[in-house]
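I'd like to ask some things about the structure below.
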Amino acid sequence: VSSTSSVTPQDLADALSALRERPPLVQCLTNIVAAGWTANVLLAVGAAPAMVDNPREAREFAGIAGGVLVNLGTPYDDTARAMHFAITGASRSGTPWVLDPVAVGALGWRTSVAHRLLHEARPTIIRGNASEILALAGGEGGRGVESVDSPEATIAVAKELAKQQKSVVAVSGPTDHITDGNSVARLSNGHPWLTQVTGVGCALGALMAAFAAVVPDAVVAAAAATATLTVAADSAAKETRGPGGFAVALLDELSLLQPAELAERVRIS
Amino acid sequence: VSSTSSVTPQDLADALSALRERPPLVQCLTNIVAAGWTANVLLAVGAAPAMVDNPREAREFAGIAGGVLVNLGTPYDDTARAMHFAITGASRSGTPWVLDPVAVGALGWRTSVAHRLLHEARPTIIRGNASEILALAGGEGGRGVESVDSPEATIAVAKELAKQQKSVVAVSGPTDHITDGNSVARLSNGHPWLTQVTGVGCALGALMAAFAAVVPDAVVAAAAATATLTVAADSAAKETRGPGGFAVALLDELSLLQPAELAERVRIS
Amino acid sequence: VSSTSSVTPQDLADALSALRERPPLVQCLTNIVAAGWTANVLLAVGAAPAMVDNPREAREFAGIAGGVLVNLGTPYDDTARAMHFAITGASRSGTPWVLDPVAVGALGWRTSVAHRLLHEARPTIIRGNASEILALAGGEGGRGVESVDSPEATIAVAKELAKQQKSVVAVSGPTDHITDGNSVARLSNGHPWLTQVTGVGCALGALMAAFAAVVPDAVVAAAAATATLTVAADSAAKETRGPGGFAVALLDELSLLQPAELAERVRIS
């Protein structure tokens, strides 16, 4: 049985206030599909994106950035090397970084890249959907994806991965779960259209890097990012009739969302 | 004289129903300009995009995907090699694939890449505008672009290319023409704003790969993709006042469009 | 003291008319974040974008294009080589080109790339924010960023850079400044949301390349691009409530903006 997280709605509101007061510089090494959208999500919420993803500058910039996102959506030899350099730079300077293992498990090369990154440095937060988290844990711990078939079992694997890596693990889904290996925070805002807009998960990883830059507790950072995105999504879905208008309204709502409203509307346990 | 295609509005409606019932996984090797937009178009219509475009994973994934798009919009050495691997994988596993020869004819390197791909494997569908199709055929068949100057002449070249390659050839324009080398289907929905939004043609190629994954007849697949996009565009144009709002409404209309409405509103002969 | 520019509102209206009458082909070597957005901005205003950014085709295409944009947002070894080839091709054929030194000064490698490009060929226009322009000038002229701390001092550096490079220099900000080294044009339309949409500055550089393709005076070209974007932004901001809707409306307004309205609403001195 997982103990309930002690993260409060007020913690999330305080995190959003901190982000707005001290806009963090977020280095994103992300994919060609979601790069523009991710930058717009970061700008809308109040952060400053910088997509420095080449091997010649990635390490240098990770020392300047407040937070770093490493997203495996469309890796190439060049950018995979940049990811290695970025996390080396982040580790040296104590910059928090987020690993988003997109499609790990389904594809061989990026799975090995992800495992190599995990061995080189400890991510502050690992964020993925259930199958990605299971695959990442399976490769590390010898547990196959097939052996896990329920939400509760997924959470158990996520907790184990968090303990092994000394990272916070965030599993996205209809209910989002965030764990440090001990307690589990559950968030249940959001709308199905979030899965019909490309790069929402990628942008969530970037938001986690942004919040990790301004709050010391990585569980709070991951939860604040999740809450901010999904509470804004609740509003955006009410005003629109399909995924096109929804994505546009989501940016508007992210920029309009106030900390007090976030605390009031978030569903966290 | 071209014989009229036997594709019926009901065939197109059935194709859209099939796509919604069994959402296909579509591997896109596409350009940096249209990647995000293409993924959003695929998601809106109900398909599952996966932009796996690196040489280390492209072949492996083409065996998993339901359909593959190879788009030459912004090729690099790395992604051009990935295209080679993707079509090798697609051929081996019988996965349908679409070639979109963006700017072939106007630029030397990508023209040679396109011809090499054509020699390596037979695309299920080749999709382009008139000048691209003419250039592709010219390089293969020795017929220069200059010798062709009317829509009917373009269609004749497209039919020849279709016969040579044993592919379906789709020529986009105010009227869209689709041919298997024998009959020609003509579709005439759509709006001029489609040419003022970047990547609409690229997204159409991706939609063809999505439909080819769920219906066996490639002419029906190409026609269903064209009809779905252009009928949705008719609705989107009515609600908006410029290309920005139009692109957003197009995603909404793609997600709202029902098979019966598609059959009713498509103009096909 | 800087002399006031002699650019008139009517010059800007004439430039927009020229662009609409002879839509220029604009080659963009730009970043993965803003590529799609930049293409949509060019299409909305009436230009024809072509993102030819690989080293095998960049030189060839610069001879065909009406204008070229070189933007250092996300450079890689491959695309940095393409930039070298593109400006070589542009110089040979007399094609105007724009340098946008994104994040130069903050990052070492791209700063050396920018200086190398400046040594190889004379850009028609250099466009950046104050810190980028100061960094670019500092590396060339031995003047450090630290020594400059006021808008007027920035303009003095921009004028010096313009003289050294024989280029027009455009400095973006709440007020935009454009100088050929002698006179300075000041434009003051626009809205803070322009800084909350990713790639607006990148798109402005592309618009400058588009206008430089149709008007011979580079100060007029830079001013027309700035005025077109910021006057459209004034309208877009009035209709919307956040950066998401604003970006969409900006595309609509760019496509609807007429030359006479531009001349009437621009604030230039």
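Every chain is named by a letter (A, B and C) in the order it is written, and numbering of its residues begins at 1.
As a working rule, contacts are C-beta pairs under 8 Å (C-beta built on N, C-alpha and C of every residue); 3 or more make two chains touch, one makes a residue touch a chain.
The structure presented is a predicted model; accordingly, all values stated were derived computationally and were not measured.
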Overall pattern in which the protein chains touch one another (line/ring/star/complete/other): complete
Angle, in degrees to the nearest 5, of the Cα rotation that carries subunit B onto subunit C: 120
Chain centre separation (subunit A, subunit B; CA means) in Å: 34
Sites on subunit C at which at least two other chains make contact: 32, 35-36, 78, 247-248
Interface residues, subunit A side, partner subunit C - complex: 32, 35-36, 39-40, 43-44, 49-54, 56-57, 60-61, 64, 78, 247-256
Touching residues on subunit B, where the partner in the complex is subunit C: 31-37, 73-78, 103, 106-110, 195-199, 240-245, 247-248
